[in-house]
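Okay, got some structures for you below.
What follows is subunit A paired twice: with subunit B in the first complex and subunit C in the second.
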Partner chain A sequence: MNLHWDVVWDNLPRLLAGAWMTIWLSVVTMALSIPGGLVLAFMRLSPLSLVSKPATAFVEFFRATPLILQIYWVYYVLPAYFDVQMSQIATAIVGLTCNISAFNSETFRSGIVSIRKGQWSAGRALGMTDIQILWHIILPQAALRVLPALATTWVSLFKDTSLVSIISVPELSYVGLKIRSETYRILEVLTAMAVLYWLMGYPQAKMVDWIHRRFKVVE
Partner chain B sequence: MMQERQNSSRVGSDAPLLVLQNIRKRYGSVLALDDVSLKVNRGEVVCLIGPSGSGKSTLLRCANALDIADEGGVIFEGKSVDTRSAEETRRIRQRMGMVFQNFELFPHLTTLRNIALAPTTVLKLDREKAEARARALLAKVGLSDKEAAYPSMLSGGQQQRVAIARALAMEPAVMLFDEPTSALDPETIGEVLSVMKKLADEGMTMVVVTHEMDFARRVGDWVVVFDKGRIIEEGFPGKIFDDAAGERTREFLRHLGWHGESSGGRPGSTSGGDQK
Partner chain C sequence: MTISLAPFANNWFFLLKAVWITVVISLSSMLLGFAIGIVVGSLRTYGGKWVDRILGFYVDTMRAIPLLVVLIWIYFAFPLAIGISVNVMTAAIAALGIHLGAYVAETIRAGLTSVRRGQMSAALALGMSRMQAVRTVILPQALIRMLPSLGSLLIFAIKDSAIASVIAVPELLRQTQVVAGKTFRPFELYTGAMLIYFLLCFPVARSVDRLYRRISFLGSS
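For the complex of A and B:
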């Protein structure tokens, strides 16, 4: 068996550019999905069903369908039927953000509800408004509680960005598979991709473990 | 040892600070409060006693609109309160300090920030002023060395003293205590009761839901006995504890191990009821 590792070395700049795109996509998606998730969570906690119902529908749709289908849907259906034209990268970000926002909203919602009712009573008894209580008392406590779940979502997001390769976004998977089809060096290229993903993913997984230990809820 | 307070006549009875009128409160099919009225005069310590679930805490929560009464009225500082108006309930809550059975300190804030939070957010005091006030109150409750501590690092008694300081930081006209010692280990009950005694001696108006009969006997100016959502008896502590008219009251006191003043004397010695 002849191995041609020089294929990997020759294409390393392209692979690294793909890896960079993977990181960039993950960061941008998460940066949008945290406010997105918060908005959805607050909507779902609203006593007005006109506000809570659409948010629930959104969340349940995006949590219960495959991400790959959602990406295709945004890519093909939006332009064809709703006259929305977006670049591939924008499409990828919209699809990923809808999906991750849905997951984040559930994380945030459970974090907010997990704070004891008595904390609200204590804030109210001091004459604080509900917004002040939420901002100064509930959210800071909830933030620590949701951090572990948020970190777990982040690691899946990082790997799931590979799915947007189907719409030709030049992230690591797309670039890797492209090099493979150009060179036919399957083992070398796939191994290089795995190594790159692992080098980036392993420290994150360790970080998540640390976050889980550090921010474990102690009542 | 607690000194008995002078209470030969009900103080300032012409201008009550807080009046609860014909309060009725229902939880589902349970009638928690059935036509209950209460008057609290300025400078007075009113103790609400009675079996668990008899409506004492609910009445307290109706006073500052944490619970909304189905019927009846709240009159505070001479004005009738619209308990359904968010703005008005916030205004009266600022004037009514509340201490909870489970402290409900904010676990993510140091004791200093716990106390300074409401003065900065509600009263818009600047941080320096609010923290100076918080420090003075920590000194008052004997916890000056704990300003940087988080609640989880404190004993139950210390947490409850911080909670009292937090309520006092709003400079309330009345303090509402909802079973402030029921969740405490017996050895820390005394330190909380003595802070409360000190407040009473300074003339703070207080409404105290308690199972500490010795405290009610010695610090209370007026004692109100609840049973099944109704007030069954009220009067001066001497009258209630030594010469209760109602059989239900005597039965309740006997159940707590109260056999007249001769058996009392040590703070916490007659505690009972809810404590496990």
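For the complex of A and C:
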């Protein structure tokens, strides 16, 4: 079997541009999903069922259906039936953000709930309002606790951006598959694509392990 | 906007078969993933430094590379490398299972290491071999502790089976696309598919939760 690795070198700039798009998509999605997740988490913790029920439904639904289907849904259904016109990249960001926000909200919620009740009582005894307690006592502690779970979600988001290749967003997978069909050097191109993902993802996986060790909750 | 249920009425058998394929792929990849995960997770915990490093490389690689890429590589590139063609179902189950296996292995390892050392010493003191101790003392407790994480991995197995649509496995998402393309009713079909996935995943999540609440006390030592 003849391998032509020069195909990979010739197309390396395109692959790297795709890799850059992958990183960009992950960063933008996470930047939107942290506030998104916080809002959903606070909504779920609300005592008003009119507020908490819809948030619960949203979160459970997005966590129990495949992301790839959510992306198709946003892509095919929103423009055709709700008259929302978006570029592919915007579609990808909307789909990914809804999904990751749902996962983040569970992370934040468990972080907030994990802070012991005594902390609230202590705050109240000092005459603080609920908002003050949340802002000065609960959230600073919860922020460190959610970091490991957030890091795990980050890595799965980074991998999941590959799924938006199905709606032709030019990230690494899409570019890789495109070069494959242009050159027919299937083995070389797909291997190069996997190696690029590995080069980016492996340090992140290690970093997540480190964060898990460093910020493990010790009561 | 009018909603028509005709696409479902006319294609119900076609879609039902697709649901069946989704179930088959999910279950097979779960079996494969759990088999790999239990072996790799135990070997990493008890197999010594080098085994841990080598298997750790597999686990971290799978954590680094997207499932889509693993799937495409196994289906398109791997057959070229070894010169045998691979059928779509096999490729899908293999990719999903190998990917899932890494995550199961991590969960198993975390569970095994969470059981206190004293338990192992006690088992050894009773004259058990290490293998016996792991099988009869450590693993049963660890498995119960791992139940919530393993449960969410089961959900991931079901959801991730949809990615197999990319290599044209005739599972639910793929066949939904086929019917949507034929009937020009993407809204009804994609929404319907979402509901079906939800109905497949949600009961699994709920029953694992319930089971865990029932038996979690068995795992505390």
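Note that the second predicted complex is superposed on the first by the 219 of 219 C-alpha atoms of A that agree within 3 Å, B and C clash if a C-alpha of one lies under 4 Å from a C-alpha of the other, contacts with A are read in each partner's own complex, and residues count from 1 in each chain.
Definition applied: a contact is a pair of C-beta atoms (placed from the backbone, for glycine too) under 8 Å apart; a residue touches a chain by one contact, two chains touch by 3 or more.
Keep in mind the model is a prediction, meaning the values are calculated, not measured.
In the superposition on chain A, A:42 contacts neither subunit B nor subunit C. Applying the stated contact rule after C-alpha superposition, one finds that A:155 touches subunit C and leaves subunit B untouched.
In the superposed model, A:124 lies in contact with subunit B only, and not with subunit C.
In the superposition on chain A, the chain among subunit B and subunit C reaching more residues of subunit A is C. Once chain A of one complex is fitted onto chain A of the other, the partner contacts of A:144 are limited to subunit B, with no touch recorded for subunit C. In the superposed model, A:206 makes contact with subunit C only, not with subunit B.
With both structures placed on the common chain, the touch criterion links A:215 to neither subunit B nor subunit C.
Shared contact residues on subunit A (touching subunit B in one structure, subunit C in the other): none found.
Only residues 116, 118-119, 121-122, 124-129, 132, 136-137, 140-141, 144, 218 of subunit A touch subunit B when the two sit together in their complex. Put simply, subunit B touches subunit A in their complex at residues 64, 66, 86, 90-91, 93-94, 96-98, 100, 102, 104-108, 117-118, 121-122, 152, 166-167, 170. By the touch criterion stated above, subunit A contacts subunit C in their complex at residues 1, 60-61, 63-70, 72-73, 76-77, 80-81, 155, 159-163, 165-166, 173, 176-177, 180, 186-187, 190-191, 193-194, 197-198, 200-202, 204-206.
Residues of subunit C that touch subunit A in their complex: 1, 60-61, 63-70, 72-73, 76-77, 80-81, 83, 155, 159-163, 165-166, 173, 177, 180, 186-187, 190-191, 193-194, 197-198, 201-202, 205.
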